[in-house]
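Both complexes below contain subunit A, partnered by subunit B and then by subunit C.
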Partner chain A sequence: MKLEGKRKIWNEYQKEIADDKYFYVRSCIRQAVFPGSENTYLRIMRDVLKKDVHESAHHTTCTGIGYHTEVVPFETIQTVVARNFALMREAGYENYTPSCVTSFGIYTEVLDTWHHFPEERKRTAEYLKKATQRDFQEPGNMAHTSDIIYKFRHQIAEKSKYKLINKATGLPLKVVDHIGCHYAKMFPAKGIGGAEHPHVLAGLIEAFGGEVIDYPERRHCCGFGFRQYFIKANRGYSIAASKKKFESMEPYQPDLILTNCPGCNFFMDRWQYALAEMEGKTYDTKGNGIPVLAYEELAGLMLGFDPWEMGLQMHQVGIETLMDKIGIPYNLNEKYKGAKGEDLGVPESPRNINFYK
Partner chain B sequence: MTKTVAIIGGGVAGLETAKQLNSLGYSVKLFEKSNTLGGHVAKWDRLFPNKRHASEVVSSLTLSQGNTQTLVGTTVSSIKRQHGNFIISANSNNHEADAVVLATGFELFPAEKKEEYGYGLFENVITSADLEQMFIKHGKPAMASGHKPVRIAFIHCVGSRDEKVNRPYCSKVCCVTAVKQAIEVKEAIPNCEVFCFYMDLRMFGPGYEDLYKEAQSKGVTFIRGRLSESSEIEGGRVQIKAEDTLASTPLKMSVDIVVLMVGMSPQLDTSKLAADLGLSLNADGFIAATDLHTNPTETTTKGVFVTGACTGPNNITDTVNAAKATALDVHNYLSR
Partner chain C sequence: MIDFGFTPFAAGVTDLDKANLSLAKQITEHEPSFNLCISCGSCSATCTAGQFTKFSFRVMCHQIRKGNTTLAIEEASKCMLCGKCTLICPRNVNTRNIIRLVRKAQTTTP
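== the complex of A and B ==
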């Protein structure tokens, strides 16, 4: 790999990202599968970086999953997007920051549609007015929340207690990145580093001192691919796609998989457990599986946030192996306690993947 | 008084035009921005369809220049019309001419624009031009590590017939070049497996089809399908993914070297000169002639002619023919 070639591509695909005053919209699945991740993002933005991040309780899903499974028509999704934009302007903000990569792709696609087909925008404005009496304006700036963390990665790294360094060997930990397909594959210019060799997570790994590992199936789908998973009969394709990736990264023995999409984070994590149950195999050498983290979960961990407060116990593949390598202390007695110290109960242990409890 | 013709570009088209105009008695000034004559052909090892050494063609053209004033290392920055003549500004000097021939040729498609193929990133992903350099220097291809390759894949249509990179046209010569290079690899390394991934094989010239048959007889495997992506694997080898559209099946294989058959792109410098002279470009970005069928060398600006691959992808034979035609048209114009 010629790093100078990658750097050239990275330089070609940069984009403007607002400095402050963000309107934040949540992912609809993320809070169900990794409930602490979005809170961790807000904590980093507000408490660590002292940024103004506004949320509206009235914002809705972008309906992207419905759209991609042909349940929600394009006219509807445009109107839903316009409504969320209207809420942002009503709150006095113009920098739109979705937490979900699918949503980021939806917003990008709708904005591009309005740019090329103004009649679609006009019709959407009419629908929105009729349905809600609202008017909307496009965002002044739009960036995915992983873009925001990327923008402030050096500041975050400076404030961090830990690095992606193996405490025992002093060597950088090996990290593979997995970028959500809808982040830049449809609109390469909207992703930091473009679609083929994105820098949005690689930059974060570098900032924390880790080593970015390229592997042959890096660009392959995580396994979520809506029609693979939401159509029950196709779920074999979903786990087969994930398996292909794990097999491809296995020779490089990564210490961590880093993702920027809620679906990828979920499927790269859960299917490791499922594959271990089905085939008795993990893709590391010690039966632990390869830990999977989202960008803000990694940033929170490096900053010294408590892993259980961040909800990292919700990951199927234990992240204890990663914390042990870095030297991050944790208390297993607190792992399955709720926010008020209540006992949440310990999940049943899987048969073929090591479980810390 | 002898009339002067300025020819911009010292590749095959410019050299042949200069040779013809010289023999017709004109004073010819040939401007070439690089330090050597022969253009892209001078960087090629052997030519299709007969594997003749490219240096023979270049030598033949450069040695027959007669009184042509060749100005190598000379970049033309502007061409202006003044009192019926042309003032050519090059390297801070002005030159006067009665007619101008643009023979600025093409540039190779920058393969790194097809980011998914990994040129500039993976050390064993090379272009057809890089492979020619290997043949010139070593007589055979080698991996970046110096190891002998045992499996090579040629990828056709890189920067040709590809709307994603704004190159919707066919570059004409890449198919036969790939076939020629595939044969050369088999001749240099007989045990090497060679695969050509193609969309269509456009074997339009004399001897081309024979070359294709020769490649098949020598064991080159042709797979109809376009590459989707390449990735570097351990040892610097390259994993490629494609679809075999005849077998209707996706395909993944590991190879030692990937050769990207880069197409012809318009010269960026030419578009500036064209703008100076009020010339229009065709839809593909090459210079448009007055009439594609009946007047392919004249332009809408009197006294300005075009020839060779600055009008679109061309092979050497067609370029030489076009150059001869251009010289005749210039002569007719200056004789009026």
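== the complex of A and C ==
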């Protein structure tokens, strides 16, 4: 194929991403399990890129978890989504940027529903008016926060102190990307690169000088299928899905797993611990596990943010191995200290996976 | 080891490069309609023997294609050869003959 033709086709896989003035909505899971990651995103956007990012204390969950587990009906979720859109317009913004991939899928699904079934939109507007006296309008532009980081990846890379290069060997670090299923598998046109060639994380890895590893189960689910995980009897399916991915990436010995979905980040991280405790196996050669980072955590590390300020101690698999390879300094004495230097307590050590403390 | 109350389920993946597919090959040679099966399950839904045992013709076909010869032979032994599955099959697969060939393989397999 001619390069010109390739470029033309690739253009069809792009999406429009707003340049500034974002309305930011947080993720339920991330605030619970990786509370520093969203703060890191805001630091990058406001302090490094000097962008206007607004968040409302009144915004709520998208109720995606309740929806996917059939607890919350579709009428309810549409009204909740409409309320969050109303808050955005009231604040004077039109570019909606959810932090969660599940939420991104929910918003996309609801917008698509309203497009094809205007009567659903009309009914939702009535429900919203009745319940909150609010009116709403659809966003002018909607992008996941990983899209935003992707858009500014070269600017971030230019300002970065570090690169994804092994300090000892001078070779690029090997990184596997894992993109949340609800990012582009449901509505391919809404993701950069669609469902077949998602580039949202690979582009970031390349910008930081790392090597993207293409492994057989790259597009496989992380294991956080809602119905698999939330019912304990089905959790064997969840951990089996993660195990399949780890076994598939193991021969390539990756230095890092990069994710853009809160659930994937959590499961790729925590299931490594659970598998180590169940089966005594880790998927690296030294018993440390493979570090897992979200896109803004990686960007923050590259920019030289303090790892403990970003909350990287909340990850089950230690990030220290990665920082050692890149040559990022860190102080283990401050790992479990709060913002004011208070002692947060050191967690119990796992038995089968190395733990830095 | 810690008991979390659940363990990873074994993956049902078959490595087709390593699987023994001789039975599938033998059946296809003698009964080419085996390849017409779309696994719709009409055979299993109508199966008389399946009312009384866990026999499923569809599952047996899967075992044959995955190279699980022993399991396939075990399944075939439950069939009563009534032929209802042959009548119902939307693809005109000669199901009775497939059962017969699997049983024949039982006698020829060492």
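Following the convention adopted for this analysis, the second predicted complex is superposed on the first by the 346 of 357 C-alpha atoms of A that agree within 3 Å, B and C clash if a C-alpha of one lies under 4 Å from a C-alpha of the other, contacts with A are read in each partner's own complex, and residues count from 1 in each chain.
Note that a contact is a pair of C-beta atoms (placed from the backbone, for glycine too) under 8 Å apart; a residue touches a chain by one contact, two chains touch by 3 or more.
The shown structure was predicted, so the numbers you read here are calculated from the model rather than taken from an experiment.
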Once chain A of both complexes is superposed, is A:29 in touch with subunit B (first), subunit C (second), both, or neither?
neither
Pick one for A:280: touches subunit B only (first), subunit C only (second), both, or neither.
second
Is A:243 contacted by the first partner subunit B, the second partner subunit C, both or neither?
second
May I ask you to decide whether A:72 touches subunit B, subunit C, both, or neither, giving the answer as first, second, both or neither?
neither
Looking at the overlay, what does A:42 touch: subunit B (first), subunit C (second), both, or neither?
neither
Touching A:217, do we find subunit B (first), subunit C (second), both, or neither?
first
Under the contact rule defined above, give the subunit A residues that sit at the interface with subunit B and also at the interface with subunit C.
none
Quick one: which bits of subunit A touch subunit C in the complex? Just the residue numbers, please.
232-233, 235-237, 239-240, 243-244, 274-275, 277-280, 351
In the complex, the residues of subunit C that touch subunit A are 1-2, 4-11
Contacts from subunit A onto subunit B in the complex sit at residues 1-2, 5-6, 8-9, 194-197, 214-219, 251
In the complex, go through subunit B and note every residue touching subunit A.
112, 115-116, 120-123, 229, 231-234, 239
